[in-house]
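The structure under discussion appears below in the form of structure tokens.
Chain lettering (A, B and C) follows the sequence in which the chains are written, and residue indices restart at 1 in each chain.
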Amino acid sequence: MRTYVLRRLAQSALTLLGVSVLVFVILRVLPGDPARMLLPDGAPESAVAELNRQLGLREPFVVQYGLFLGSVARGDFGQSFQYRAPALRVVLERLPATVHLTLAAMLITIAAGVPLGIFTAVRRGTRYDVAGTIVAVLGQSLPNFWLGIMLILLFGVALRWLPTSGFASWTSLVLPAVTLAAFPTALVARLTRSSMLEILNRDYIRTGRAKGLAERSVVFRHALRNAAIPVLTVIGLQIGALLGGAVITESIFAWPGMGKLIVDAIFFRDFPVVQTVLILSATVFVVINLAVDLLYTVIDPRIRYL
Amino acid sequence: MREQDPRPTLIDRRRFIATSGAALVVASAPRVAAGQAKRSGEIAAGLSERMLTLDPANHYSISTTSVLRHLFDPLIDVTNDSKFVPALAETWRPVNATTWRFTLRKGVTFHDGTPFNADSVVFTLKRVRDNTKLIKSFVYQDLAEVEKDGDYGVVVTTKRPFGSLPSHLTMLGMLPPSAGKGEEAFFQKPIGTGPFRFVSWTHGDQIALTANPSYWKPGIPKVEKLTFRFIPELSTRTAALRAGELQVIDRVTPDLVETLKGTRGVKVVDVPAIEAQRWIFQLGKEPVKDQRLRQAISLAIDRNVIIKELLRGYGRPVDSPVPPGLIGHTTLPPKNYDPEKARQILKQAGMSNVSVDIVLMKDFYPKQLEITQAVAAMLSDVGIKLNIKNLEIATAREQRTAGTYDLFFSGWAHMPHDPDWYFGQWFTKAGSEKLTRYSNPKVEQLIAEGRVPDPKVRQAKYEELERIVWDEEAELWLYYTVAIYGVSERLRNFEARRDYYVLLSDVSIA
Amino acid sequence: MVPRGTRRHPAMAIGGCLLGLVVVASLFAPALTIYDPLKPSFSQRLVPPWGLGGTSAHLLGTDNLGRDILSRLLYGGRISLALAMSAVAIAALVGVVVGLVASWGGAKSDAVIMRVADVQLAFPVIMLAIAIVAVVGTNPLALVGVLALSGWVLYARTIRAHVLTLKQLDYIEAAATLGASDARVILRHVLPNTVAPILVIGSSQFATMVLLESGLSFLGMGIQAPRASWGLMLAEGRDYLSNAWWLATAPGLMIALVVLGANLLGDGLRDLLDPTLRNLES
């Protein structure tokens, strides 16, 4: 077990290093010039060249990477090209909004998805099942921004029950979290359903029923526990996805989170911010996956990794 | 929108008498002294473009200029009809072609109580000239000397005539000399002389300001708190206005005007802007190097249909490279729609089935893709195939620098209300080298001659050079834009600005 | 004669029919509509659908350039569906090959390949998309490449897991002991066992690809104007949701239909072919 953990840690570190190199390379290979993004159209070429030099972009690639690694080790992720403020600070400023949104969306996903999945599994084949499946598919396939803007128009403009955008108070969380949660909720619901269906047909469940255990007990105590594994996997993956991929939702709701930050930074060629966000989110992703893997071994010691 | 009842009824007459009676009472009351109107309320504005910095010298963005104008005062302000009026400078005179003399306003203090005087001006100007990392620096490289002339006078000498210096100065807020000791800390909590003080800023999200009670202009500001939120998404920005969360938004598209007008409590104001939507040609390479093709392209485009149908009337036909109201505007022969002539020209030039690439910067201008597709359809009618390349901004600019484009969707908002920058950038050899590759020595000479401070001379030179470039079809001038703002009916005294600035110092809220 | 299993799996039949209907309609687009999907008509901008203020001339209304929406939906379907299908095919091909190499080729190649997969997974698809498009340009091939890139890992992992379990089965070991070459073992025994998972993953991935294409086009990375694709129609309709909601709703519903069909089909195939795949992360 110990060697397994150590091995996974080493692998994680290697992954992170790989990510950092990849980010670095991709950014500098992209066409487009950070200085030209900052200066107006009317700036002379000499100004562009000078600004590029000031931003440290004229050094050889390896030198740049070396300097970067060195400063990261000291906790310095460089200065944002756009905002001329420390990149780490710019990114961390946006972290609370992202965390709140992610947690809220996760809450909705679990609170709505799992019960929906159980419900449709237990009522398999009936019209409840069909209705539930259709709702789930809609959640998986309706475009994010369509849902978001429709919710804004209905609850923000027409009814004025909720704020239309921004992160002012906890009520601001509702619409964006619902929009963001639509896809994962549907996914979790369908996965829970199929997981439950498989378990509910297993022998030991039938035995339990034959022995006279209450249906409720059968469903909750035995089936659910076993169905948890794949659901956990998806939840773990979704957290990673949510952190990095809430771009569209954040754009619609003017949510001051990291998704929009990174897309803007990429379009603006703000290298330090892109690097910082990617390294931070890759770290979170790797840590969560590590945690999920370790959780597996706790839940089911029979699982062995090759 | 309520219908008007044309018949005055009894009730109406009674109400009329009542209100006029009330009016008499109010009119006979002792007048409140101007300047003692109390500040109250808060305004929240939604801007479409993110603000990037709190340093007036380090950006060229319209929305940042709008916001920072509330924190800092420049030496000179520009009114909505392009007149230059005193702000922190009471007078400014060209002593000769390369020397400007400023006299400064007395009795102004910074937000921390320190007085504003010539030291501030000297510091601000020297800083922007000498610190080449600053984005505005290149404009001020022409400053030779900046010297105090007493505590409230400054003399600026330039290396060559700099007639547009006052207009550039309208965008440069004055900083206290103390900013020099620790700039990074200063710009965390900046201090200016402006009508509002800094409270907080979250990058890319919103900035909060609070009233400056000791502002030098009496009665300003009229509200206690001001917040600017940055919401690039059009639907969200308009939704926030409609829901009453914002009181003013900028960059409303023509298609949303009806929706906004139909919302209770909201109205739409618009004004012709000092922006020309004009596409640029890559003049250094075939096929658009050929003037005949450029002429054919211009003739094949029905600008009136674009203005009427796509812009719903929110656009103006062009009659000069420089929009009306600015120095240099003149009336040149209109750009007509004549597809038959276009076909003839192409036939005579032996150009059939020409293919032209147009590059767009993604999401830069509203409705740009729509308009480009419309133009593509018009051009295909005369046998020109327009290939649309909607690229990421950085990639598009890269292609522009490298010259691998034929047409580029672009516009020019004459930001310091002066065309000198426009001409210097796009119509001199050095300026357009990595842009349009334009070169005409005669035009270049006229631009240089137009730099002197005398407005009459400038007008004459600009008219002459515009005639030349207009005939050359050096750029593809399409239309002048109209700035549309969505405004809450609670706001008083909001002025729709032609330069897209959102200025709220003298706006109050009911 | 009804295909085996459809009577017991009505959902699969429905899904298949739905999908088939959309595919056929797109293929026969020119026969189904008289309007040119690319030609603007300035006087006919933003006409609502029939029954909601519009006329029967334009069943689903017109867009911001006066083009018929139904027509663009059908022609756009060709592009969106073709992209999704090719992306799935390429992702499957690459994923299977890589999965085989990883599981058959020894521990070292396995470790390297899985690390590469991890690194790629840690990257948001969007950033990869932006990078690829910025370097290569916005032609459809690049788009297919990006879509395929987002999908191969699932195949690789599944195949790898499958093969690793298969490797321990008696008859495989027997074949190897008896001297059958690696290639022969793979081709005759391993691959046939992987067809089922590939089909199941493929059908639900198809849905994901359609969604991804629309997301990329939404960000401007996908199909370029004036061509129509569902994703681009969504993007173009974005600014009109307050006053002309049908521009974005039509392609959105179409995507939902296709995703529904693909998912039902995929579920049915899985039930039919290999129920052990129930717990795949999709």
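Operating definition for what follows: a contact is a pair of C-beta atoms (placed from the backbone, for glycine too) under 8 Å apart; a residue touches a chain by one contact, two chains touch by 3 or more.
Note that the structure is a prediction, hence the values are computed from the model and not measured.
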item	value
Pair joined by more contacting C-beta pairs (B-C or A-C)	A-C
Middle chain, criterion being Cα centroid separation	A
Most distant chain from chain B by Cα centroid	C
Separation of mean Cα positions, chain B and chain A [Å, integer]	39
Cα-centroid distance, chain B relative to chain C, in whole angstrom	45
Centre-of-Cα separation between chain C and chain A, whole angstrom	21
Shared interface positions of chain C, touching two or more other chains	130, 134, 238, 241-242
Sequence positions of chain B contacting 2 or more other chains	235, 239, 392, 394-395
Contacts with 2+ other chains: residues of chain A	30-32, 149, 153, 267
Interfacial residue positions of chain C with respect to chain B in the complex	39-40, 42-43, 45-46, 64-65, 130, 133-134, 138, 220, 224-226, 236, 238-244
Of chain A, residues touching chain B in the complex	30-33, 36-47, 50-51, 54, 82-85, 90, 93-94, 149, 152-153, 156-157, 160, 163-167, 251-254, 256, 260-261, 264, 267-269
Interface residues, chain C side, partner chain A - complex	11, 115-116, 118-119, 121-127, 130-131, 134-135, 164, 207, 211, 214-215, 218-219, 234, 238, 241-242, 245, 248-249, 252, 255-256, 258-260, 263, 267, 275, 278-282
In the complex, chain B residues that touch chain A	50, 52-53, 55, 58, 60, 132-133, 135, 137-138, 202-206, 229-233, 235-236, 239-240, 242-245, 392-395, 397-399, 401, 410, 421-422, 424-425, 430-431, 433-435
Residues of chain A touching chain C in the complex	11, 14-15, 18-19, 22, 26, 29-32, 133-134, 137-138, 140-146, 149-150, 153, 187, 190-191, 194-195, 197-198, 229-230, 233-234, 237, 240, 244-245, 247-248, 262-263, 266-267, 274, 278, 281-282, 285-286, 306
